[in-house]
Amino acid sequence: MSKIVSLDEALSHVIDETSVMIPGFMGAGTPDKLVEGLIAKGVKDLCLICTDTAFPGVGVGKLIERDMIKKVMVSHIGTNPETGRRMNQGLMEVDLIPQGTLAERIRSAGAGLGGFLTPTGVGTVVEEGKRKIVVNGKEYLLEEPLKAEVALLRGTKVDKKGNIWYNAATRNFNPLMAMAAKTVIVEACELVEVGEIDPNNVMTPGIFVDYIVKGDA
Amino acid sequence: MSKIVSLDEALSHVIDETSVMIPGFMGAGTPDKLVEGLIAKGVKDLCLICTDTAFPGVGVGKLIERDMIKKVMVSHIGTNPETGRRMNQGLMEVDLIPQGTLAERIRSAGAGLGGFLTPTGVGTVVEEGKRKIVVNGKEYLLEEPLKAEVALLRGTKVDKKGNIWYNAATRNFNPLMAMAAKTVIVEACELVEVGEIDPNNVMTPGIFVDYIVKGDA
Amino acid sequence: MNVREKIAKRVAQMLQNGDVVNLGIGLPTLVANYIPENIEVTLQSENGFVGMGPDPLNGQTDLDTVNASGLPATIMTGGSYFDSATSFGMIRGGHVDATILGAHQVDQEGNLANWKLPGKPVYGMGGAMDLVAGAKRVIIAMEHTVKGEPKIKQKCTYPLTAKRAVNTIVTDKCIFEITPGGMVLIELASGVTVDDVREITEADFFLHKDLKNGQE
Amino acid sequence: MNVREKIAKRVAQMLQNGDVVNLGIGLPTLVANYIPENIEVTLQSENGFVGMGPDPLNGQTDLDTVNASGLPATIMTGGSYFDSATSFGMIRGGHVDATILGAHQVDQEGNLANWKLPGKPVYGMGGAMDLVAGAKRVIIAMEHTVKGEPKIKQKCTYPLTAKRAVNTIVTDKCIFEITPGGMVLIELASGVTVDDVREITEADFFLHKDLKNGQE
């Protein structure tokens, strides 16, 4: 029962209208081969959950500039003018979420919580439509968990059981998304034998990972 | 401004009635030298926050069998009959908390959240006195953050800036407690130079640590 | 093979290839000894690792690797360690395919009482409440009666660990599945009849249309 | 030294030895260049590390280490990496001693508007709302006016980033502290008078009894 599959096999889990989580910070930590695979496959009307929409031609930015995304749930779109243009023309829905809240909502889904209380966004437009709860005299917003059908990850080192180690700032949303999607696919920059990653330093346990695709690197 | 201090200097932050978090799972991951230091100092009426009360003569069990603890917030006391005896005799208050809820309450405090919604304990005595909140048709308990004045940690490898790496199952509550207490003291089983722990594999960033005490090992 | 070993063996046969499983203290621990050789099961230890291996040989004790009972343990190649928030996130978040636990009482609605006995010393719930709230499948492995008294009730009378949480009950006499429509008898142990089960079960139950007879 | 550099230098002098600091995009980034040599400040990058070092030299680019703007960055010895939930836990949990940000508007109650301008393209709040909700001290570093218009208001009119969040405002003209009793002028830049500040500040403010005059 090997988890290592072809790009096509892995991406068979993404069809039109699938909700997809893709990590990355302005492209760093984004699985480029899987993103390219989505473009080649030509799926559309995806709901994309990501930190930012990167730059034009970079990371998830490539998905934005094609007609693939129906809705994006994201914290920052300023570095990719195409996102704003499509939003203003009504071609794509943009749900802006504070970055810490986005991270915590994804973690919350993966950890089986019903949500959490955060001070972030109290007194701003972010509180619209949300329940406010007072704990110890302080007001918080109740933020609900956010899950997806598929998560596409990028691991610097991945062993054949799916244990992942991320280098430097590429970690960002990867370990959170690994727990919050029904199907989890990782692009392995370097595929190593089981046991090569110290069990102490595994950042995403292999039990969260369904499929491994070898990266191009 | 070295963080490395003597045992006495470190424990000057624990006085009578201080709330203290001590990690460990039946003793594994508990800072033994710091615990012995508390005993030698003879502080009393502490509020102790820990996973379990270990075994008699082991880990935090040593604090229980002396008259040092006023209240313990804990998930399991079955392996240390002394805890139950003292509770039944009214010598010590015991607040039983499901282990996952205990971990998450500590994390919540460290992460600046006002609490979280968990399915754990719904329909049991654990729900007494707590708010119930329905999200997407499912009932959850609102659990509030839990912080302490002091956390006493045990790091397998600690560098001079306080970056910590934990071996094997000693990690448990250590990284959570590192973020949830006003003053954080770590017992370093092995004290290493700054840079000896790969920045990727640091499990508790040194910015959370106030004082380092050299272990006896 | 004694009664407890028989129960453990039957539970082990219910596991699927690739399952992540958490074993409770006592009888459930024995399940590890009977996992079929043709499947791979990963054991989760709620104190912070996956890939728990067999008990260490005498003299090979690594003090840093203990199981959820604080006893020396081992980790298999491919396992990994994590902190307690991640461990219970894994449990609560449904990433553990099955949790196998003992019980003082279970009832026909799937309510479970296994952390506190009236009039007995209090132990605390430890991780049990999270495990039963979060695992995809909750399997109770226990002897059918205690001192002749039925443990499978119409309604639990002891303090609950969780409501409507149990999926399957495996005893030395039979196997029940708990469904939204009620408790269903799906398998009888070798030499046990439906009437035998009725006599020692306080709960109401249906018979599955394909009720199986267990092998010796 | 231009106006923006002067502001950055003054902010840098407010930092304490041992502080963990998050620098926003734009003017705040310049603060890193003026941290006094006798103190040690740790820079937090909200995309997932502490111990951010100087910009990499040309040709030494490590694609895996980027700052919160996605630009090549470096990490100092003793720094460490973590995921986004930990990063914002650090920020929200008050483990960052100061966050230094720019602003479109700040008002005398400490309300802050710095993420959205009416009629301009939407950028998104990124991590700004978490930073101002969680950091122990929120320092706004900005030019006192924009195109001659006061940015320090009685009441913000642009969409808020956070309510009652700002502690200190450092501009090219002066420094204000925001206290529960109101906004207090604590320092004037060299050659600036209280009347000068009044003229370009829409907010009401008090004068600190030990109002300082800045050095050139």
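The letters A, B, C and D name the chains in turn, as written, and every chain counts its residues from 1.
Heads up, the rule we're going with is that a contact is a pair of C-beta atoms (placed from the backbone, for glycine too) under 8 Å apart; a residue touches a chain by one contact, two chains touch by 3 or more.
Note that the coordinates shown come from a computational prediction; the quantities given were computed from them, not determined experimentally.
Novice: Based on mean C-alpha positions, I'd like to know which chain lies farthest from subunit D.
Specialist: C
Novice: Looking only at C-beta pairs in contact, point me to the busier pair out of B-D and B-C.
Specialist: If we tally the contacting C-beta pairs, B-C comes out ahead.
Novice: Can you check how far apart subunit A and subunit C are, centre to centre, with Cα atoms defining each centre and the answer in Å?
Specialist: About 34 Å, centre to centre.
Novice: Would you kindly tell me how far, in whole Å, the mean C-alpha position of subunit C lies from that of subunit B?
Specialist: Computed value for the inter-centroid distance: 29 Å.
Novice: When the C-alpha atoms of subunit A and subunit B are each averaged to a single point, how far apart are the two points in Å?
Specialist: Chain centroid spacing, subunit A to subunit B, equals 32 Å.
Novice: For subunit D, give me the residues that contact two or more of the other chains.
Specialist: 49, 75, 81-82, 85, 88, 91-92, 133-134
Novice: Can you list the subunit B residues in contact with two or more other chains?
Specialist: In subunit B, the residues touching two or more other chains are 104, 107, 111-113, 118-119, 167-168, 171, 199-200.
Novice: For the protein chains shown, what form does their contact graph take: line, ring, star, complete or other?
Specialist: other
Novice: Which two-chain combinations qualify as touching?
Specialist: Chain pairs that touch: A-B, A-C, A-D, B-C, B-D.
Novice: Residues of subunit C touching subunit A in their complex?
Specialist: Residue list for subunit C touching subunit A: 17-18, 20, 40, 42, 44, 49-51, 75, 77-82, 85, 88-95, 133-134.
Novice: In the complex, go through subunit B and note every residue touching subunit A.
Specialist: Answer in residue numbers: 104, 108, 111-119, 131, 133, 135-136, 138, 140, 142, 144-145, 165-168, 171, 198-201.
Novice: Can you list the residues on subunit A that touch subunit D in the complex?
Specialist: Those residues of subunit A that touch subunit D are 25-28, 51-52, 54-55, 74-79, 81, 84, 87, 94, 96, 98-101, 103-104, 106-107, 118-126, 156, 167-176, 203.
Novice: Mind pulling up the subunit B residues that touch subunit D in the complex?
Specialist: 1, 107, 109-113, 159, 161, 163, 179, 194-195, 197, 199-200, 202, 205-208
Novice: Flag every residue of subunit C that touches subunit B in the complex, lowest number first.
Specialist: Result: residues 45-49, 62-66, 68-70, 73, 75, 81-85, 87-88, 91-92, 111, 121-130, 133-134, 159-164 of subunit C touch subunit B.
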